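By letter and in written order, the chains are A, B, C and D; residue numbering begins at 1 in each of them.
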Amino acid sequence: MIIVMRRGVADEEIAGIEERIRQEGLLPHTSRGVETVVIGVIGQRPEGMLERMERMPGVDQVTPISKPYKLASKDFCAGPTTIQLGDAVLGSDDVVVMAGPCTVESREQVVETARGVRAHGAHVLRGGAYKPRSSPYSFQGLGPEGLRLLREAKEISGLPIITEVMEPGTVELVCEYADVLQIGARNCQNYPLLREIGRVHKPVMLKRGPGCTVEEWILSAEHIMSHGNMQVMLCERGIKTFETATRNTLDLSAVPLVKRITHLPVIVDPSHSTGKWYLVKSMCQAAVAAGADGVLIEVHPTPDTALCDGGQSLTVENFAACVEGIRRVAEAVGRRVPSRTPSRELVFT
Amino acid sequence: MIIVMRRGVADEEIAGIEERIRQEGLLPHTSRGVETVVIGVIGQRPEGMLERMERMPGVDQVTPISKPYKLASKDFCAGPTTIQLGDAVLGSDDVVVMAGPCTVESREQVVETARGVRAHGAHVLRGGAYKPRSSPYSFQGLGPEGLRLLREAKEISGLPIITEVMEPGTVELVCEYADVLQIGARNCQNYPLLREIGRVHKPVMLKRGPGCTVEEWILSAEHIMSHGNMQVMLCERGIKTFETATRNTLDLSAVPLVKRITHLPVIVDPSHSTGKWYLVKSMCQAAVAAGADGVLIEVHPTPDTALCDGGQSLTVENFAACVEGIRRVAEAVGRRVPSRTPSRELVFT
Amino acid sequence: MIIVMRRGVADEEIAGIEERIRQEGLLPHTSRGVETVVIGVIGQRPEGMLERMERMPGVDQVTPISKPYKLASKDFCAGPTTIQLGDAVLGSDDVVVMAGPCTVESREQVVETARGVRAHGAHVLRGGAYKPRSSPYSFQGLGPEGLRLLREAKEISGLPIITEVMEPGTVELVCEYADVLQIGARNCQNYPLLREIGRVHKPVMLKRGPGCTVEEWILSAEHIMSHGNMQVMLCERGIKTFETATRNTLDLSAVPLVKRITHLPVIVDPSHSTGKWYLVKSMCQAAVAAGADGVLIEVHPTPDTALCDGGQSLTVENFAACVEGIRRVAEAVGRRVPSRTPSRELVFT
Amino acid sequence: MIIVMRRGVADEEIAGIEERIRQEGLLPHTSRGVETVVIGVIGQRPEGMLERMERMPGVDQVTPISKPYKLASKDFCAGPTTIQLGDAVLGSDDVVVMAGPCTVESREQVVETARGVRAHGAHVLRGGAYKPRSSPYSFQGLGPEGLRLLREAKEISGLPIITEVMEPGTVELVCEYADVLQIGARNCQNYPLLREIGRVHKPVMLKRGPGCTVEEWILSAEHIMSHGNMQVMLCERGIKTFETATRNTLDLSAVPLVKRITHLPVIVDPSHSTGKWYLVKSMCQAAVAAGADGVLIEVHPTPDTALCDGGQSLTVENFAACVEGIRRVAEAVGRRVPSRTPSRELVFT
């Protein structure tokens, strides 16, 4: 059973609920977020308890858990969840294009890419300042300096920024710079990190772990939401399978499936999942045709010299063709790739 | 090294090549198909042998094998391979729709389905007379009676027929009825069956084995082609992964990948791979957006009473909506779902 | 529901049962094997039908199917199934060692290997005359000539022979030579082949398909058994996973699991699953410690020159050390590697 | 290229090396651990640089990286790495038994279990105070209170403690209580956590991520080691595959493989991987036969009432039988399960 408290609930009301749960012989598990307080109830529910709780002061909603997730489910909120991202609204008919380099390498590289992707239709600039790398000897990102370069690119291009946060201790710092936080695939089940991100007031994109089932992935979103942050979007980026012809296997069937059972927007990342730039355009089109609300595309001004993942990066020219393909498929399925508004244009110079 | 002989090559010429290969210290492996004779050369090739073989009488082409497949590769034939299927040409800009019941159950069921899918845009009627079933106690198909019912449905609807063949001993019988032979996923590496089908003059659709890599799948196509039958189309139908939310994981990235390295048309089967009827339309659209040349859709007049796989079958009404979605996406990517020609109409009454 | 008929049941009795099933509104599916006739009943069982069928003439046993397999299950036969293989009894406390080359290449090679493995403790000689190969240009085995060489090696060494059969049309021929038939991993769900092998009176070893779950694998054994051949042993040989450090992932947990739910003996093949000769001894030991009834080991007199799979073959010397390790672990878990009987010795010269 | 500095190297020497690397046009990546300073060199190495670096003051060893890992490799240290754990030495001929409950629930539960496993041969007590749980509504562990209960159980039983640490911020706290730190499977690629643990002087057991290849797993060990902590042991606990009969698929072939390429001890966890208590004994035996240096077994005084993972827990009685099986197999492969020393006995009362 999950008890969602009313906005602006008083501390005494929360304490009253917790007390009552203990009287029923169960254990309360309270998560206080910026927007919402949620109390999970652990243990077997006695007869009639659900109804008793609904009458308590401060309570907004009480729901029995049939599925292991609740706040992410359509039963809780018919949805869809919408998140404003620059000129586009994720979760509406808009198809949102996020693009940029895997890793921020230099001012020139990130600004050049930001301008390029902005000119050809991107709504959000992506770029990694902190990079999880399998090898300790690989380049681990520029860190705070990378965040500063992203902010500069944002100011020049007018594009909001999405960037990865890797550990609880840097959530606050990254929040100062990012418009959207990214949780990387390897951290999909890093619960202390999910908890911290659940406590901030900032949209978050949760990448699916390459070893995570759809249910585990949604449960990780539930972790974030149970701490109060409801602005969660999911990102399918491929799972580990026996196939080696692509880096991972992009599970596009998960897109309509997740959209059927949750109210959360779904993004698809064809760059990391395939690992091959020449498959990106086709898989972006396929993602949109499958119902994705957005795509995440790796773009680099000179992929051959990229410090990481060059082989999966598009040039700006290829990105332009890719967006054109996305636009046509989006229209075929009754959606649109929103254009930039004139006022934003001014920022671009 | 693969030696492809000229059409109409004489037996003495073949014998001469074989003899010469043995003189070079290697082993010939000759496959005689209806259209082509191919001689594989087993062993380490001596210096200059390729050039010596090219000069021999009866030889059309000699190619060293760098990839493990050769005849399926774009290096051998820039392609694309085209196959006429009723009103549509697979391998052209046409997107071909194959639809029908998983299993032929009765005259009424197959004829009703044939009429329904024909009316809403299908080009080929699918239906199983021989069914590979995991359990020996499940319905194994009507066998020859099923083939007769398919022929009847073909005569009434004017749609060509695709149906599965499961063993070398029934290839000849199935060929009397089928316009396209289907090799099921479980038989993707049944080499004696591939050999027999390589010897007939009939298009064949090779389903990917749920445990097969893209390379193993193409090699199975190569088995068929090396015995002379070049009319091969591939069908992606999902692979085995840890994800259990869908029956298998549809590997759509394989579509643009296979089309990049081979000249063979690629079909996608969203019904079997997802196992859920409500994902079929989205995944058909995604398949076409990814570059598929056709889709294979399970349709049943009354899915609830289907003897097998009802949960993944579309009703005729849902099929109509699905084709409409496919049509719009096809046009968005510069292709088309061909309409039936008027002359064919006459057959329909 | 499965109806197992009494041995020596009359045709009229079978027809009577089939008629009765149809009267109940269901469909009979009769499989006639050499030893047993089994009638599967397809459809929803009416109340009381099980009891009615048990009273019919000719019926031995009637069982509702809760698990999808029945004859392979411990509910049907507490087991274990035992199969005599030369000096060893599979399914007893004996741990059976099967060894030999992947492929029969020449008289010298197979006879030398047979002598070598015999001298160091093997109970069964393995060797492939028909080889399923991913590439059509790889060596496909010597065929009938390979079978003759195996017979010769058997006569010289006194070891019974296990060899693969790949298609229904050659089952009869292979039965003339083989003491145990092998169904290869790629044919684990080749139902026409399973059916033919179900009709012969010869032990069979069914390799697990690399894409098959434990349940699918047992169901394939059930296919064979439902046609009358009860002498089935299972062989775990690795499954397809994302791990590439070994060729496949040997699923040793399947060994105690299968032995818990079925009465069939289980063999483990560490050579094919790992693809690395230097892991074979460790994994043989692990297999026996996990409860395997036997192991299948690839041995070649000169692995470096083997026509296939040399990298996974043991030399005769390494094989000797491997058997010694197996022997010690077998004793630690209360089993034994039986020695050859003196009378057999005479054959060896 | 990796430069390992001499113990007690001066800061000026490190700065000198870094400066020189930059002069060569490359990027230094310095990790300062408690015991060792390691400098990774990022970029393409100019001709002769390796030799130039070897001559620099403070340098102990310079190695080109051929494999992506270096410190974990046998090329760097022939090994084996040994770690004293109570009466046993991990990495020697000893087979180390770690046992205890998945989660610390109460003083009574953990003390009773500690006494039980101690009496029957365990060398290390395991127990979770912080639990990573897929669902935010599941019991997340007792936290600091759990750590205090573990210390109490340690004082009573004399067994050293292994317990999980989930985030960089609690490493220091957990180190006060734990003898061995555990990194859970979901955190196998949580690099900020690996970095923190690399900076402490405490043995660490790194569980393999269920979606990690052997190479990725060893690279995660390398992350820890590159920050200075060399006391790393690896724990195989199953990978995600299509098989659903067991929770995960225990990859025992990884045991001899990892021991061949690294000098690190390898532990096997059959409880979590199989998820079934009745497979634990067989798989413990198999692990030891495959060469494992230890096993990690879940034991609970009353598995039926366990707050988590009861279905995979052994009772104390079953644990006793399991250790007996391990002991016999250990001896068969030339190893031993060390008994407790008399002096330790005194602690037990």
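Methods note: a residue touches a chain if its C-beta (ideal position, glycine included) is under 8 Å from a C-beta of that chain, and two chains touch if they have at least 3 such contacts.
Predicted, not measured: the structure shown is a model, and the values here were computed from it.
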Suppose you list every residue number at the chain A-chain B interface; are over half of them used by both chains (same) or under half (different)? same
Note, CA centroid farthest from chain C's centroid sits on chain A
A-C versus C-D: which interface comes out with more C-beta contact pairs? C-D
Rounded to a whole Å, what is the gap between the Cα centroids of chain B and chain C? 32
Separation of mean Cα positions, chain D and chain C [Å, integer]: 39
Please tell me the distance, in whole Å, between the geometric centres of chain A and chain C computed from their C-alpha atoms. 50
Give the residues of chain C that touch two or more other chains, as numbers and ranges in rising order. 211, 239-242, 244
Under the touch definition given earlier, write down the residues of chain B that touch chain C in their complex. 2, 27, 29, 31, 40-42, 65, 68-70, 132-140, 166-169, 186-187, 189-193, 209-212, 216, 219-220, 222-223, 226-227, 239-240
With touch defined as at the start, can you tell me which chain A residues reach chain B in the complex? 211, 213-215, 239-246, 249-257, 260, 270, 273-274, 276, 278-279, 282-283, 285-291, 325, 328-329, 331-333
Using the touch rule from the top, collect the residues of chain D that touch chain B in their complex. 240-242, 244
